[in-house]
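Next, two complexes with chain A in common: one pairs it with chain B, the other with chain C.
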Partner chain A sequence: MDNKNKSSFGERIASSGAFVSVAASLICIVLGLALGLIALAIINVEHAWNDGLMVIITSGLKSPRNMGTVLANAAPLIMTGLSVGFAFKTGLFNIGAAGQYTLGAFGALYCAIVWQLPWYLCLLAAMVLGALWGAIPGLFKAYLNINEVITAIMFNWIGLYLVNDIMYGKGKSPMYDISTTKTFSLRKAAPDSMIPSWGMSDYFGKLQSVTIAIFIAIFFAIVVYVVLSRTTFGYELKACGFNKHAAQYAGINDKRNIVLSMTIAGALAGVGAGLYYLSTVAEWNPQVSTALPAMGFNGISAALLACSNPLGTIFSSLFISYITVGGTKLSTQYYTKEIADVITALIIYLCAFSLLFKNKIRAALMGKARRIQVGKGGDD
Partner chain B sequence: MFLLLKYTLLYTVVLMLVALGGMFSERSGIINIALEGIMVIGGLAGVIAIQLMPEGASAFTIVFFSILTAGIAGMVYAALLAFASINLNADQTIGGTALNMLATALAMVIAKGFNGSASAKLDYSNRAFIYDIGPLTVNVFLFVGLAILVLSYFVLYKTRLGLRLRACGEHPQAADSVGINVYKMRYTGVLISGVLGGIGGMAYIIPSVSSWNFEVGVSGAGFLALAVMIFGQWKPFRIFFAAIFFAMFKSLANIASSIPMMASLGWTQNMYNMIPFIASMIILAFTSKKSRAPKAEGIPYDKGSR
Partner chain C sequence: MALSEYIIEMLNITKEFPGIVANDDITLQLRRGEIHALLGENGAGKSTLMSVLFGLYHPEKGEIRKNGEVVHIKDPNDANALGIGMVHQHFKLVEVFSVLDNIILGVEPAKGPFGYLQKEEARKKVVELSERYGLMVDPDAMVEDITVGMQQRTEILKMLYRDNEVLIFDEPTAVLTPQEIDELMKIMKGLTAEGKSILFITHKLDEIKAVADRCTVLRKGKCIGTVDVATTSKEELSEMMVGRKVQLLVDKKPYHPGESVLTVQNLTVRGKRHAKPLVNNVSFNVHRGEIVCIAGIDGNGQSDLVYALTGLAKAESGKIFVNNRDVTHLSVRERNNVGISHIPEDRHKHGLVLDYTLENNLVLKRYNQKPFAKRGFLNFQEIRRYADRLIEKFDVRSGQGAQTVTRSMSGGNQQKAIIAREIDLGNDLLIAVQPTRGLDVGAIEYIRKELMAQRDAGKAVLLVSLELDEVLEVPDRILVMYEGAIVGELDPRHTTAQELGLYMAGAQRG
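Entry: the complex of A and B
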């Protein structure tokens, strides 16, 4: 009796994609942390556990302020993660999230500092500019058959140079604060354009950058989830991702859908930048044209870790944000904060094998189920 | 004018080396988007090698061993991509992206650890690499690069290895059916790209300045090289000319402010930096219909689906 229940349960779990995906991601995380521990030990073996790994995986919860930092950084990460994940679901690789994020940052900050618009309009501007920058690789892919990865990489850099050029404006731009060499702080220059906190910052050690941004991000995650899994539109987009030719045959306009997918992905990344800069987590430095915003690339990590599931992205983003904050709390005496980036990158490298892990897990579960069934057969 | 020539030569060599690396990888069927990361790792290894050279080592020793180190480091790093995409059938673009992210973080950790301080800036002497020929300063990578260009052409088109490599990038099933080991060929392609990428990363960092902050990685040079490779249509000498074209604009960005005639145009550094990217997009748009990309690139080889 008992055996029978167990066997069907094992098989049910094995065939449930969600469980296997989560298990595969957890394996990636554990292996990534283990490799991170090895890296810490190589640098300084005495302190690897207590002052290294434990700091990384506990600091995020140590104080309300740390928790606030985790939330403030997770909100934009959820958005870029959604952006990349959405594109993945429709068969596209949006490596351009960094560029769309850059344009989004420009849209939000320009509306805030120059026009002093309320925050939701600034966020809308971020969304529109991000969508525009996302649409470009989509158009190149749909009508000229150029791989979206190449276009997106090019437009990442074009966007960065363009935005920095305008924001810096040879030092005379209205957005550029000479005294800080960054864009003007919204707290002074445009307090009305800041995303409201609704008293949340009081719970997180008066950290001003904790705003309702995290709820906006979660809201978007739910919307994306519903669109992808519960609407015809989402189904059509996914169909193009699974098999372009079959979708075409079924009467789906694949060109239009490629452009739409990339546009939506771009819009999501743009909103991410809006959430980050309108929450005043940091200011933009327009004089650094050598590196794209890391948030865009971390979005790839968040999406991969969540197997592109919009709701999973919430958790993967919180996790990545959590260990990144943990990394900044490492004692500089022994380690540098980039160790956390190394761990994240290792986890993502391992995620590239997640298919392998998934097959192994499935095989293990099925094998167990079958063994139990065989045993049961003998009893009868 | 000499300044423009100097920078153009410098960047041409860098972009050409890395793009040739990309070419070997893609011609064997593996998309190598990790070139940026490979450059960072190669550059870091080269810089550290220079620092570790014993006092009074001859210029030749320094140059030879540091370039060797950079090449080997690049190769080892590229092996991670090869392992993921050839043995485990992982998505090549994702694997490459992960390696890019890992490279910058890893380089900073190593640089800081090497420095023993909170700065990822490494100082080194580049005297052994630079020669003055009349009024022109050239670096040793120019000769290395030209040699590798000729060698690449020779290997790719005139040897058995090259023919087999190309076959694996076009139609691996057919290659396999005549007894070519596709996995081995693809490994060869990726590892060569690692060596060239590593040396390219060093060529980017060493000659122009005598200290490098690894916080910036190689600031997109690897991606630019990817554009050069496409622009060069995966062919060695075309890649060479594409590299010159891209390098010229990149140099203009560096020196525009110091040339009076160009400074009066009022263009900013950012605008010059943008031009090669925009140019490659325009050219891609016009040539996409007759693009000569290797047919099987990006598709994991599955023996069973033959």
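Entry: the complex of A and C
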């Protein structure tokens, strides 16, 4: 049995989780794009390649403005992706990122429009409210053993209607701009509450919503990565996620960790909303917003595509943002922009198979390594 | 038609899995009316071979013959049609069905277009079979209400009801009391007297000596040989199985107990759904320099007792002292720090985070202590150094050393990792629950020696075991648990398996 020194190159690569995960995600992406092409062809076969797929995968880089849009939308997506991924690591499914994002949006916008606070305090408010909304399902899960998915879904809607009601206030809310039927634009109403651009918008076709938000998001991704992989806290969270019983046996307080994990996940999603609205990518529309913000659910996609790895989430979010922007550039003559969502959905759907791909890749590498060993007569 | 001497022959069977040859050119010939034991350690290939016979796996090479004729067994239905039946180690019974319903399940006698059940015929046949073979089971009892022994007899009746001629018993005695084992042996002999042929999978040599006519020994996928049981000694059999001489009887140094380390007073544990307490008013001590064994049939409160001692479950009443400190209301972590080491019953559920690396598992109880952590950050160098030291000291073998994902390790080495971690905590009390369960002979030998070394080093060891030979050989004192209560204390030097069995079955109290 002692093959300490015998593990071959293939086996070592196969056991290195990072390589296999990245390879599996890439397979998901390529297959997803291929299936997307088929979908495009079904809708309109003549234009599927040039006016379809090529537009989706090249538009993001075509102009500085498009690149700016990709970045502005990627920042909040990274945060919701981190939120979902962080909870995943603790064995929890945070489907409540949308609700936490909603509360975060409220916190940021309220502090900005009503109190005219500086942007970092607005961001902090978004974080605190998101954390609160994440903590609730965590408490239910830890102390009453109610599945976090159910509580989170309910609190998504509770949060949405609550926030809409406050922001609209029967048309009299100080946050509501009757002329646009949205919240007041920060560019006019609270320019000091906007996340600074540090001149970045100049490089992206004067797109004002390109701010340092993307760096803030990347900073959070690195922090989450360090917490998960290098601290005792991360060790405990992952132990709870992998095996709750073993964590209890080791004396880890699993209830406390469930609550903390959901609270932090909520805080991350809340920051995501802060980054989006304080960068003035859009305003909140409390009357029309009867649907939960898509950013919360796209976070699930970003986390899945990245196999919940915080650093991977940066790239998966950029990618999803990139092809979404590509989708908006499709000529409406041939396609609707939702086709980008279809492609993202296909890729995410295939991500559900990423475990299968992972095992296949691992088996292929191991099998090859083993065959070489057996061929050499190496038998342990 | 002249009948062949052998009812079933598996000739030169080779079955490969990626990277491993599970069965390498194995030949097994079952004579008509014999009890043929299949002996081997875990991973020797016994299960694979039986799965081939059952049509679950298809061998790369070799053939199976019945009555001298080659047969192709594609799936378990084919096996059934050929009259091959099996009693699995874990019974395949529907708990909320009656014994009769379980027996006819899958071959229900029915009449008419709507499949109206004809249970009376079936009942007659079952009663007739159980009388003929001495299998006392009430056909109308619910399976969940009857003893494990009766459940096993239900499984045997299932095979007989289907007119199977070849009966496979997979480790049938693991769940039985000594009395029930004797009963089963009688039943098996009765079955062969009626012309059935039995394949008996086991790793217990006493049982082979007691009932088997011949024995085929497997080791690491290879067939070591087939021997006549009557002319082969237990020592020879064990050497064939392991490949070297084994010393399962550990040398015991004289017994000099010191002061009490663990004191349990009137401990009662109640479950959520049971009216009866799981642990009922239990009191005992474990002293320095002794091994105390809690014996009993599985499910008599041993696990719940351990959960209460280690803090995984709450005690309803009573007190627990470790080194004279009241730990009754302390958390798991506080108890770890006060001095309880715990080798848990289920190493996959409690003992290890299987998706963690070996080194992470080795620091599972001290990852937050210096030098493994500083100001909340893990010190990977120290963890690696510590892990390497334990791996070396306790001879934990794995593919990639400290970085191996624990899930990929063998059961014996996983258990060694847990033992290394718990012993190295240096605590005064070691609670070991079924530490040798499911392990091969070499690992069992190793673990028993480690327990003995702890005792000799002046630690207190509380062993919970279901294995009779372990109960009789390892400890200095035996406490028998029955239905949550301690019903007797025995001295292993002056007791027998028979006496122990009476206590375990609740027939005797002292």
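By our rule, the second predicted complex is superposed on the first by the 362 of 380 C-alpha atoms of A that agree within 3 Å, B and C clash if a C-alpha of one lies under 4 Å from a C-alpha of the other, contacts with A are read in each partner's own complex, and residues count from 1 in each chain.
Everything below uses one rule, namely that a residue touches a chain if its C-beta (ideal position, glycine included) is under 8 Å from a C-beta of that chain, and two chains touch if they have at least 3 such contacts.
Just so we're clear, the structure is a prediction, and the values are computed from it rather than from any experiment.
Participant: After the alignment on chain A, I want to confirm one thing: do chain B and chain C clash, or do they fit together?
Facilitator: Fit: chain B and chain C sit side by side once superposed on chain A.
Participant: Just checking: does A:Asp341 make contact with chain B only, chain C only, both, or neither of them? Give me first, second, both or neither.
Facilitator: The answer is first: A:Asp341 touches chain B but not chain C.
Participant: Go through the superposed model and pick first if A:His245 touches only chain B, second if only chain C, both, or neither.
Facilitator: Second partner only.
Participant: Once the shared chain is lined up, is A:Thr231 touching chain B (first), chain C (second), both, or neither of them?
Facilitator: Second partner only.
Participant: Does chain B (first) or chain C (second) touch A:Trp157, or do both, or does neither?
Facilitator: After superposition on chain A, A:Trp157 lies in contact with chain B alone.
Participant: Using the touch criterion from the header, give the chain among chain B and chain C with more contacted residues in chain A.
Facilitator: When the residues of chain A touched by each partner are counted, B comes out ahead.
Participant: Minimum C-alpha distance between chain B and chain C after superposition, to be given in whole Å.
Facilitator: Superposed on chain A, the two chains' closest C-alpha atoms are separated by 5 Å.
Participant: Overlap the chain B and chain C contact sets on chain A and report the shared residues.
Facilitator: Of chain A, no residue contacts chain B in one complex and chain C in the other.
Participant: For a test of understanding, state which residues of chain C touch chain A in their complex under the given definition.
Facilitator: It comes out as residues 18-19, 310-312, 331-336, 342, 344, 349-356, 360, 364-365, 367-368, 373, 376-378, 397, 399-401, 405, 410.
Participant: Which residues, counting only chain A, touch chain B once they are in their complex?
Facilitator: Against chain B, the touching part of chain A is residues 39, 43, 93, 95, 140, 144-146, 149-151, 153-158, 161-162, 164-165, 168, 170, 289-292, 297, 300-301, 304, 332, 336, 338-339, 341-342, 344-346, 348-349, 351-353, 355-356.
Participant: Please output the residues of chain A touching chain C within their complex, sorted ascending.
Facilitator: Touching chain C: residues 1-4, 7, 11-12, 15, 230-233, 235, 238-239, 242-243, 245-253, 363, 366-367, 370, 374 of chain A.
Participant: Using the touch definition up top, name the residues of chain B that touch chain A in the complex.
Facilitator: Its residues touching chain A are 33, 80, 84, 88-91, 93-95, 97-102, 104-106, 108-109, 112-113, 118, 215-217, 219-220, 223, 226-227, 230, 268-271, 273-274, 277-278, 280-281, 284-285, 288-289.
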